Amino acid sequence: MSEIEPTQRTDLAEQRLTTTGETDETTQAAWTEFQFEDDAKLAVEALDVYYGNEQALQSVSLDVPDESVTALIGPSGCGKSTFLRCLNRMNDRIKSARIEGSVALDGQEIYSDGVNLVELRKRVGMVFQEPNPFPKSIEDNISYGPRKHGDLDTGLLARLFGTDDAEEAQALVERALRRAALWEEVKDRLGDNALGLSGGQQQRLCIARCLAVDPDVILMDEPASALDPIATAKIEDLIEELAEDYSVVVVTHNMQQASRISDQTAVFLTGGELVEYGETEQIFENPQSQRVEDYITGKFG
Amino acid sequence: MSEIEPTQRTDLAEQRLTTTGETDETTQAAWTEFQFEDDAKLAVEALDVYYGNEQALQSVSLDVPDESVTALIGPSGCGKSTFLRCLNRMNDRIKSARIEGSVALDGQEIYSDGVNLVELRKRVGMVFQEPNPFPKSIEDNISYGPRKHGDLDTGLLARLFGTDDAEEAQALVERALRRAALWEEVKDRLGDNALGLSGGQQQRLCIARCLAVDPDVILMDEPASALDPIATAKIEDLIEELAEDYSVVVVTHNMQQASRISDQTAVFLTGGELVEYGETEQIFENPQSQRVEDYITGKFG
Amino acid sequence: MSSVTENRLAAADSTTGDLVSLGVIGVATLTFLASWLLLLQWVDETATVAGLSVLKLLGVGLAVIGGGLVVIGVGSRFDYIDTTPSSSAGAPVGVVFGVLWAILGGLAATLLLENAVVLWLPVAVVFGVVGFLASVLPGEDVGSTLPVAAILILLGVVVAIGGVNAGWTWSPDWSSASFPGSELVPILVVFGTLLGAWSAGKAKEGFGAEGRQAGAYYLIGSVVFAMLGVLGLLIGFIVTNGLQTTLTGASLLGGRQTIPFVGLQVAWPEFPFLLNQTGGLYVEIPGVLPALVGTLWLVVGAVSFAVPLGIGAAVFLTEYAERGRFTQVVEVATNGLWSTPSIVFGLFGLAFLVPRISGGNSIVVGQLVLGFMLLPLVLITSREAILAVPDARRDASAALGVTKWQTIRSVVLPAAMPGTITGVILGVGRIAGETAPLLLVFGGSPYPSTTPNVLGGFRFSAQPPFVTNEALLSPASALPYQLYSTITAGVFPKEIFTNTEFGWGTALVLLLVVVGLYAIGVGSRLYFRRKLHNE
Amino acid sequence: SGGGDDSTDTEDGESGGESTDSGGQQSGLDTTVLTGDGSSTVFPITNTASSYWNSNPEAGDEDYWPAEAAEEYGTDMRLADYFASQYGYEATEQRSVPPFRVSIALSHSGTGVEGVMEGRVDIGDSSASAEAELAGSDPSEETLNNFTDHVVGVDGQPIVVSREIADAGVESITIEELRQIYRQEITNWSEVGGPDREILALGRAEGSGTDTSFRANVFGDPNAPISPDQRFGQNQQLQTAIAQANNAIAYIALAFVEPDGATPPVDLVIDGTTYSYGDNLGAQDYPLSRDLHAYTWTGTSRKEAAFINFILSDFGQEHFVRAENYFALPDDRLQSQREKVAPSNYE
Amino acid sequence: MTQRLPQTREVPRRLRAAVRRRVERTKQRARDYRSRTEDGAIAMDGLVFASVIVTFLSFLAGSRWTVIPVVVFLASMGVGWYRYQAEAAKITTLLTTVITVSILTLIVAFLVIESVPAVRLMGLDLLTQIRNPTMDDPALGQGLWGRNDVWSLTPMMLGTAVTTLIATLIAAPIGIAGAVFVSEIAPRRVREVVKPGIELMAGIPSITYGFIGLTIVNQYFYLEFGTPTIGTYFAAGLMIGIMALPTVVTVAEDALNAVPESIKSGALAIGSTRWQTTKSVTIPAGLSGVSAGVLLGIGRAMGETMAATVMLTHTKGFPSPVFDVFSNYGETLTTVIAFEGGNASGVHMSALFAAGVVLFVMVMLLSVASQYVEWRMYQKLGGEQ
């Protein structure tokens, strides 16, 4: 687990696209003390998101450190997924969504005009709630990203001229599957359709697919909510392992899960505010706000 | 909360349709001491359910007392819904399902040949996970059951001859809606389409619809899982209230919820076995089996 | 009448009531089937069974059903039979019986008195009101049996005593046709037995909610049975009629085929009806080869025209264009055009395409016109198929940093292919059986003696348009057009078949081709659906 | 799909023998399919001719081109080869491969006249004159002049009835009765000496030559309103319907009469003269007799001429006209028709 | 009045503003396009569009040089595909959309334009005239087609209405019963056979029905019921109704199937019988889909050509009384086109086009109506807020 130390954060506000509206001083006060080092992998600053006229996130600021697991928890509809999707601009795909504020990846603003979405998403990978493998072979699922990015050439033409990257492809597939702890289970049927895998395997496949494009940050939206306990346990182990190399952000509705796997936890509450953010242990054992305590102890939600 | 006293239970096994296979002696031992009085509302004895060749429930026996809330908890896929649907024979609608064992309602076997499903389901009502109001007016949703059972006559003919039960119908609708704590919210728009209600209101409407046919037992399958926290709280209050008159069986995946609302709790674990059954407090504070304790403390699931 | 208040978890045992109801249902079923035999003329109305003419037997059947219903109704009313009727049969039943009684009264009045509105109208009204009240006022057991029984007994007795016999005809003023007893009686009996079965079905389950269910199920079951029967008969009819023609001269190993290069002769299946020319002096067994090949070319042309256009447009509309007014209008328009009558397309082809392309009837215009017809369907189905690709897949691809077009090509289109293919096959099935536009823009000689030689027909020249294809620019025949020609061309030029025989043969081949296409379409849909769900 | 290639058929007539340059070529001559459409009355003639033509039987074929017939023409060539060679076409010397193919479609005269006029077909079969066919739409003089008329046979339009009616003793009707029947003034067979049965007055489609000439010859105006009970597109269909019915009367063409079969003829009495089938229907004064035309548009191309000449030959008149029950053209008319398409015009 | 004045002044101002906004947006789009797209791709787009337009124009003009722009198109597309695949793909799909839409528009426009002479001549009488004033014996409904410049579609419209009505009366109730049977009553094994079976029957070509109708049904009515002709509206309507049955069953069954299982379970779980559930919950909930199926069936029946063409008598007029479905009259909008399309010219042809337009409009209305009810159903089941 990476060391986390509260420090002053750089002011990214200069780079902001739009200024935020008023912020809820009282709730912010509770956690703004807690900040990470300068080199936060992702620095989110005063992020507002609107769907049409509905505000889904209210001036959220938080820093995601590298090589650790950050959990986002909160009741349904509080904006966790929305927040997550802002981090790789998947929200751009929603017509009604409007985003204000700033998100910086390694200090580089991702909401500025010239940002190349393709590059961004290569560096900030995402795993969804429902496992969503392509209806292709396991192999093809993994090599899909690299192939499309031109890192692998396995086209007909290449094969015809014998210049294809079949071996690299194989190596890459194996590496990604091993990393996602799936290799042993599927190595004998790489050519089978990925839809034939169990839910848990599918989800690990999706993680492997994401790893294959070699991202810096991995976003996961309730990656285990559709899975049974055993598969869930495997995914949890995997997440902890991934944190050794990547910055992982996980949304979960399962507080036990959050406490088990994460290094720091952010608690969102209804209305899209970030109420508390800090080291996981502290949040679960000694939450600063009454609302968070109520939520964590199951008074509601 | 009704008084619960462990006693010997009547042997319903004679009435069983099929004899069960071997039962897991060790897990059974943990709770078979805990039994209710003779007049258990529902007595389930050695129930096996198969979907095709998959066994979904393994020799489950338990008694549901009257005027109390019984919660069924357990990880996903452990057979909670399957068990619940056996209690009013809704499983009959699933072609691949095969049921062995016995379920008695007020001492009368419901899995015998001549059983009238319509009568059975009038007495054992059911509320589903997703609210499923009919695409009709609120009023019509409530009065649907009684009208179909001939308890209310509001047909064209009756109206023609002036013998319709409009007033009774109105009274009944009001009573059911009040009982389901929905009256105040909808009394001014009884004629509106029920699909226009919010999720929580729809779910309470479904409860009201069920109450309107005046059942003895109400089965609920994760009635609040699709709802937001506020609506959930309302449903929980309502369940506690209903327990004053009815026997309520609730499936939930939320342990806090189970502990909040139920009088006794049954814990199912993967594979369809009933691992422990007893008073809620005891189950949550002092579970007899390690597996249940692991489950309850969030070691998995 | 027994009360409903008592909660019956278990049903009562079977009673005499059940037996009577079962008997009535049995008689009704037999009578129902018998009247169909008469209607389909499989049994002559003059035939006798046990000394009674069939027609009279039908009457007796009706009367027996009526009698049975009376027994049930009265028995239930006085609690000899254990039932749980509702308080009334309900307004819909009342209205139906009211109308039936009104018709009966009105007819009786016209027959007995005189055909004047002043006379029959009041009688009909009175009968209608009586029928209505008789069915709604008493309990459900009486209300849904006795009014039926009355009608059935009346009809049955009139027929049984010969009041209406085969020779009797009813020639109303308003109709140019007249209705002889030989047909009218079976028709009435069909409806009568349906009513009877409904009523008895209700009684068998002891009236009430479950009685109504049983009654409705009997009624629907019989109607659907009849429907399936008729549809099945149609197909059976074509098959039995066409089979002999189609198989004329066919043999499994009678033919000879020389293996190319080797020169060896081997036994070969012979199927002259499929493989011979239709006309020409030297054809012994005329066949439908030209039409078969013509249909093939039509389909190939239409598909290669419509499929790329349709799929391309679908991709644009779903993936690139913003959803809004424009896409909506296109959707409405394509749906409308898909149901636009084919003859209208033919008219367009005749007036617009023919002068510009071939100057006369031709394969290529036929292909285009059928292509136009197919186009909306391809657009609709591939659009649906593309829309059905879960957004999750697009998101997944986008989240990997893959561009839009690559996502479309590698994720969306492959996933949409099954739906599109299914749709196209079904569409092809439809256009392959399409006749109307071919009359106007495609068809040539009714008894063609050559198959269109499209592949060999290409000619290249130094002048524009550089490529021509005489075969494509000439008229031809297609299976549906061949059938139409056979109908219109009347006298078949060969002794071996009569015109109708050749027609049935053509119809059978057409049916096999088109229904075969449909079967592939329906089957592939099932297959893809299963595949998607299982895996 | 094809670009804007122009028809090869629309322009060939005008230039007489010269074929257009596009399309399949063989020794510079147009060998694309010769298409014909139209009259169901003429159809038996042109269609039989096209069957013979397309089959191209060898000389000495006993069934179709017997040695004696070939000898009469002093040739040992195949049938179509021979007749086409007179117009400069090369013989193919293959059975079923004529120098060019002929395809005759079936509809009715209106379609034939319209089709040849709009260039949809090369030959428009018609059993009434183009003028009468087009009478409804006031064609210009120029339009009518563009038609080249080739009469290929003569029909004496017979009146036929259902078998049951003939058997019940109806043997003749007067032309006045016929008019009344088709004006729905007589509706029962008993009114014309038959059984007490409704009359089913069958007719042909408006625009068919049979209908046009019937109206012109019986009612004196090709546009006279008549109201048959039912109209049919083609004579063949009409023939089937008469056979199916038991109370029908119809005007039809000679090829479709079956004296002992299902479509027996009845005698027609006009001004005291009785015209009966097999007797005097071919007479000049039989008002219902009519010419059978094969129209071409703006002159006759080499291809068209070759085929029409084939029908007009003695062999053709015998096998395609007489054999179909029609009257062959009398010699003088034959001579003048042959001149229009004589090979010498195309040298 | 005083209140209206400012409003009227308001209108042009708003209009201008709207136009300006439109222009702005278009400009913005153009700028976006420029900045997004490489120069080569822009050139390709230009070439492709230009060549397509030229192709179309020269085709319209009937030129034999059409092939040149086609070649240009193919070449630029080929090069473009190789160099700028994404842009080329987009432009291709856009192009196919444009072509598809223009073909469909062209058909409709051509139909309408060709029907103008008939409309000019007849005006509204085209659809309403029931007597020909110029005829001595103006028998009702006769002489309305082609006598002395009268071309009235009324008899054919009546014919279409009558056959469609008969077909609907047969197909709708039986079809719905069939749908209910298949989706709600039949045991699973029966359903698995019957459903695809019925779908197959939807494929039987109409000419086949026509052949059966001609050889058997027409004969049956003529011989047994003494119809005045061999072929009546009733026989044709009956045949068309049977033909439309499978369509109605299939679509209506889909609609009933689409009613969520949860609603059906909800009804059963409070103890209503299966039939009560079907009647009071499933059918009302699926009603829009069911009616869409019926409308679709009606559309089919209305546009049905071949069966009617070979079965009907092709005499035009009004039966008396009009509901005499066994009369000797028999012509519908479709059959008149099929029967006379080959030899029509001038106003006659134009009148046939007018018949086509009437058909098109009626079918279009039905189609829109069925789409509307389906949309309503979607709204209803999806929640109405």
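Each chain gets a letter, A, B, C, D and E, in the order it is written, and its residues are counted from 1.
Assume a residue touches a chain if its C-beta (ideal position, glycine included) is under 8 Å from a C-beta of that chain, and two chains touch if they have at least 3 such contacts.
Given the structure is predicted, the values throughout are model-derived calculations rather than measurements.
Annotation of subunit A and subunit C: jointly contacted by B, touch as defined at the top. Each chain's centre was taken as the mean of its CA atoms, and the one lying most distant from subunit C is A.
The pair with more inter-chain C-beta contacts, choosing from B-C and C-D, is C-D.
If each chain is reduced to the centroid of its CA atoms, subunit C and subunit E end up 19 Å from each other.
Centroids of subunit B and subunit E (each the mean of its C-alpha atoms) stand 50 Å apart.
Here the CA centre of subunit D is 39 Å from the CA centre of subunit E. One simple way to say how far apart two chains are is to compare their mean CA positions; for subunit A and subunit E this gives 50 Å. In subunit E, the residues that touch at least two other chains are 59, 62, 64-67, 228, 272-273, 276, 328, 342. Across the assembly, subunit C contributes residues 209-210, 355-356, 403, 406, 463, 465, 487 that each touch 2 or more other chains. Chain pairs that touch one another, listed by label: A-B, A-C, B-C, B-E, C-D, C-E, D-E. Residues 4, 7-11, 86-88, 90-91, 94, 136, 208-210 of subunit C touch subunit B in their complex.
Against subunit E, in their complex, subunit B makes its touches with residues 88, 90, 93, 95, 117-123, 125-126, 128, 130, 132-136, 144-145, 148-149, 193, 195-196, 206, 209-210, 212-213, 215. Listing the residues of subunit B that touch subunit C in their complex gives 105, 108, 110, 112, 114-116, 118-120, 123, 148-150, 153, 155-158, 160. Within the complex, the subunit E residues that touch subunit C are 59, 62, 64-68, 85-86, 89-90, 92-97, 99-101, 103-104, 106-107, 110-111, 114, 173-174, 177-178, 180-182, 185, 194, 196-212, 214-216, 220-221, 224-228, 232, 234, 242, 245-246, 272-276, 279, 296, 299-300, 302-306, 309-310, 319, 321, 323-328, 334, 337-338, 341-342, 349, 352-353, 356, 359-360, 363-364, 366-368, 371.
For subunit C in complex with subunit D, the residues that touch the partner chain are 279-282, 301, 305, 354-361, 364, 367-368, 371, 443-450, 457, 459, 461, 463, 465, 468-470, 472-475, 485, 487-491, 493, 499.
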